[in-house]
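Labels for the chains are A, B and C, by order of writing; each one numbers its residues from 1.
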């Protein structure tokens, strides 16, 4: 089986097909800290793509409550269980080893098995990837166990109520929202598992699609996708998945002015937690060093946004700024060893990072490049015993044609009305 | 297995009869053809389904497929040539029984050719299957009664001949039921399977005994025999590890290449193969024809459907006798 | 010793190699398959193509075809779901019908759940001589008849969500502008819009006519090429499936089935839906020959083969005679032992 380079694992891994990379890669950064699970993204997607018969339980985009929620139910806990059992059988420790100076291995090196390696270890190799097929009833709720917290440690006699459950740095009674759509992985498990070769990754933007005319409804992709974002549609007897709103990505939308536009779920986000981009990719699969691309900046330079379950080995292209209040062991399991550094940098952002964080949801157009105009210092404090200053810088975003599409200040404009009209409209 | 042994020792055949030399040479050609057929048609070409379908692999795969088809044809053609040479020789010097065996074999060969272009019928299939079984048994009996030393190797060849006879007999039971007008067919199918299993056992036992015959007949203090023994050990270990690590893949390869359908445990197959690989080169020095004949039978496999391989296997049994009678090589 | 009877074996061998290469290049086979053969029974009049349990079928003796798992390529199934499939075949002047029968206590004909799969059965026919039993290869393709239990059930009325979820609210989906009828009542059906036969609103047969030239190349024939008729029934835990087709249909993608021609090469596969079987997760047979008789089978009807056997007999006699006329030093065993030709 061919060896492919997975930068998120800091090593090569086995994959059924040799490396072949797109020119650009669809990618996104979600700031979990800001999400309120209003599901506006989910509805934007549903009303665009999955409103027909047979798609009732189909949510290409959903927001779920961690740690208990999941769509389909417990998808991640189930796969983590399978992967653990495989590691136990193999006598391998699924550990991350050391941080390296290699910029192409930002999280160190994963010494455990990916879902592909766990499947290949079985002899004979029955499947292309370790996975499972969720039943119908597991797909019924896009946010089951909504707002259900970890119990925390209530004192005896407190009737289960906890007074100090929400104290930083880690809440004892905690939950957070996880926003999910197809990660348009560099090494998709759905594509690997499809015996029909009906799934392909577009060379122009890395979007992963199911050919609706070739699919024969075997549901191997549903079984293999670790994120369970390939879904079976009974009315057409074939599987469907997130298409990354490719007409918008191609600039074919009437409002797009001929340049790539963010997907519907991104563009609809009222909480300004989402930033979607297109990342330039070198022929060898490494991200081109483009520090002015906001996604590249956040993921590779600041390393404040992390891949979801990188140990699965598909090299997902969705990245998350982890929730600063959640227990670190849980977050490390979910986002890898980069969690502590990411939270540290998010708590005390650099001057540049703070400016780029303003770009979330600043425009419907995909921002390919940003620039920062320096402004005055407006605030000073201490974070973790270290001085920290805020500057009212201006960040400017440019679309694919280099036209300015967004201009924002770090400090939001405030207007104080005169005293005679404190509450009037 | 011993495809290359022709170069090890030139046979002592020759001076006394041109015809025997012709047969001897053609037998080596047949041995080479069957070996190439095993390696190419029944192994590499079948493994080629795993190579990618894009260029240049697709072209390479197509070329492999052509080479496979050519070696397949080569076995049949060389087999026919050898059969012709044997007939000429038997016409001159053979006994009635030899002639009868060869004539029956000719009919089998003609049938194999005819069925390429003409539809089989149950009756024709029964006739051909019966002839195959009869030739295998008769030639096997001749080897058993008149084959040279060592006796162990002779027993092995008889066992191989028995296997070649059992393979068509398994089908025959089913066909007989068809002709008799039975409407269920399940008991015949079960009987056929049982006979086929017995045949596999006989085939593996035959390989083991032939090899054993070579091992016991080796000259003492022969250094090269150590190297050959190591080769046999390696072959056995390869089969053992393949069977243990990838039993399903090994099972598919075994049934494709030599027709062993999993009746005999892999460990026994490994042991038999090891003995055959080690023993046949040793046997070749003592009784070259016995070794060549057995090698042809082993390489042509058990109960494989291709008519060329059926012909080759039967020729192997016939050859084992003719030379063993003629030429217990002494140096 | 005359030179002309000393054939130069090396040049003979090289000539054989050349001949073999030439024959294979020209696509002329010289070996035939002498394995298990299916002999369709010949009947006059129409075939029971729509009646799997017709008494006519029970008069045909089945061939018990052993099945094994599929251990070659992922997704695999190591163990077969069923030990064997019983195959019968009937043929008349212009049509062939093949009946597959296997014991399957579960009748799986729905594919409406995410983890629900239907039973299926298939027969593959080799196109040309260079094919592979594993989904064919470029050098030689396959023609595949694939029966699906869900298609058989869909034939009358296509199964829909209401069949598995009776309480499904019949809510109105998104309103479309006046006069816009691009969406039907079920909204947008992507698979159907892409022309996928699995998503088709109506079917012509429970059997799909397909071709393949290797793993992942399975391709359905165009609607006008779908000419395999299907009928099936599940009775007392036994599936019986009849697949039938006209003998000669002129479609280059279809296997040629010619009476009194050489035997066709076929293999079978069965899927057990309740075990999650689909695609490569199946139970498969080895190659079999399928021999079409011209007339009811009898020994004398096979006269061309008999003739060739006689020619073989005659030729070998002639060669024997030729050998007998050679001088003793010519061909054969050396003098010493004229009985068998052994030297000491």
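Just so we're on the same page, a contact is a pair of C-beta atoms (placed from the backbone, for glycine too) under 8 Å apart; a residue touches a chain by one contact, two chains touch by 3 or more.
These numbers come from a predicted model, not from an experiment.
**Student:** By the document's touch definition, which label belongs to this structure's chain graph: line, ring, star, complete, or other?
**Tutor:** complete
**Student:** Which chain lies at the heart of the structure, taking centres as C-alpha averages?
**Tutor:** Going by the distance between chain centres and the overall C-alpha centre, it is C.
**Student:** With centres defined as the mean C-alpha position, give me the subunit B-subunit C separation in Å.
**Tutor:** Centre separation, subunit B to subunit C: 28 Å.
**Student:** When the centre of a chain is set as the mean of its C-alpha atoms, what distance in Å lies between subunit A and subunit B?
**Tutor:** Computed value for the inter-centroid distance: 62 Å.
**Student:** Using CA atom averages as chain centres, what separation in Å is found between subunit A and subunit C?
**Tutor:** 48
**Student:** Hunt down the residues of subunit A that sit against at least two other chains at once, touch-wise.
**Tutor:** Residues 124.
**Student:** When you check subunit C against every other chain, which residues touch at least two of them?
**Tutor:** Residues 71, 73, 76, 78, 215-216 of subunit C each touch two or more of the other chains.
**Student:** Of all residues in subunit B, which are in touch with two or more distinct other chains?
**Tutor:** Subunit B, residues with two or more chain partners: 248-249.
**Student:** Which residues, counting only subunit B, touch subunit A once they are in their complex?
**Tutor:** Interface residues on subunit B, with respect to subunit A: 245-249.
**Student:** Given the complex with subunit B, which residues does subunit A contribute to the contact?
**Tutor:** 123-124
**Student:** Where on subunit C is subunit B touching in the complex?
**Tutor:** 1, 5-7, 9-10, 12-13, 16-17, 19-21, 23-25, 29-37, 39, 58-64, 66, 69, 71-73, 76, 78, 84, 86, 129-130, 132, 134-135, 137-140, 214-217, 259-263, 286-287, 289, 291-294, 297-299, 301-302, 304-306, 308-309, 311-313, 315-317, 319-326, 328-335, 337-343
**Student:** Note which residues of subunit C are touching subunit A in the complex, please.
**Tutor:** It is residues 71, 73-78, 111-116, 150, 160-161, 164, 168, 173-174, 183, 185-196, 198-199, 215-216, 218, 276, 278-280 of subunit C that touch subunit A.
**Student:** Subunit C touches which residues of subunit A in the complex?
**Tutor:** Touch list, subunit A to subunit C: 47, 51-56, 119, 124-128, 133-136, 139, 193, 195-197, 211-220, 222, 231-238, 240.
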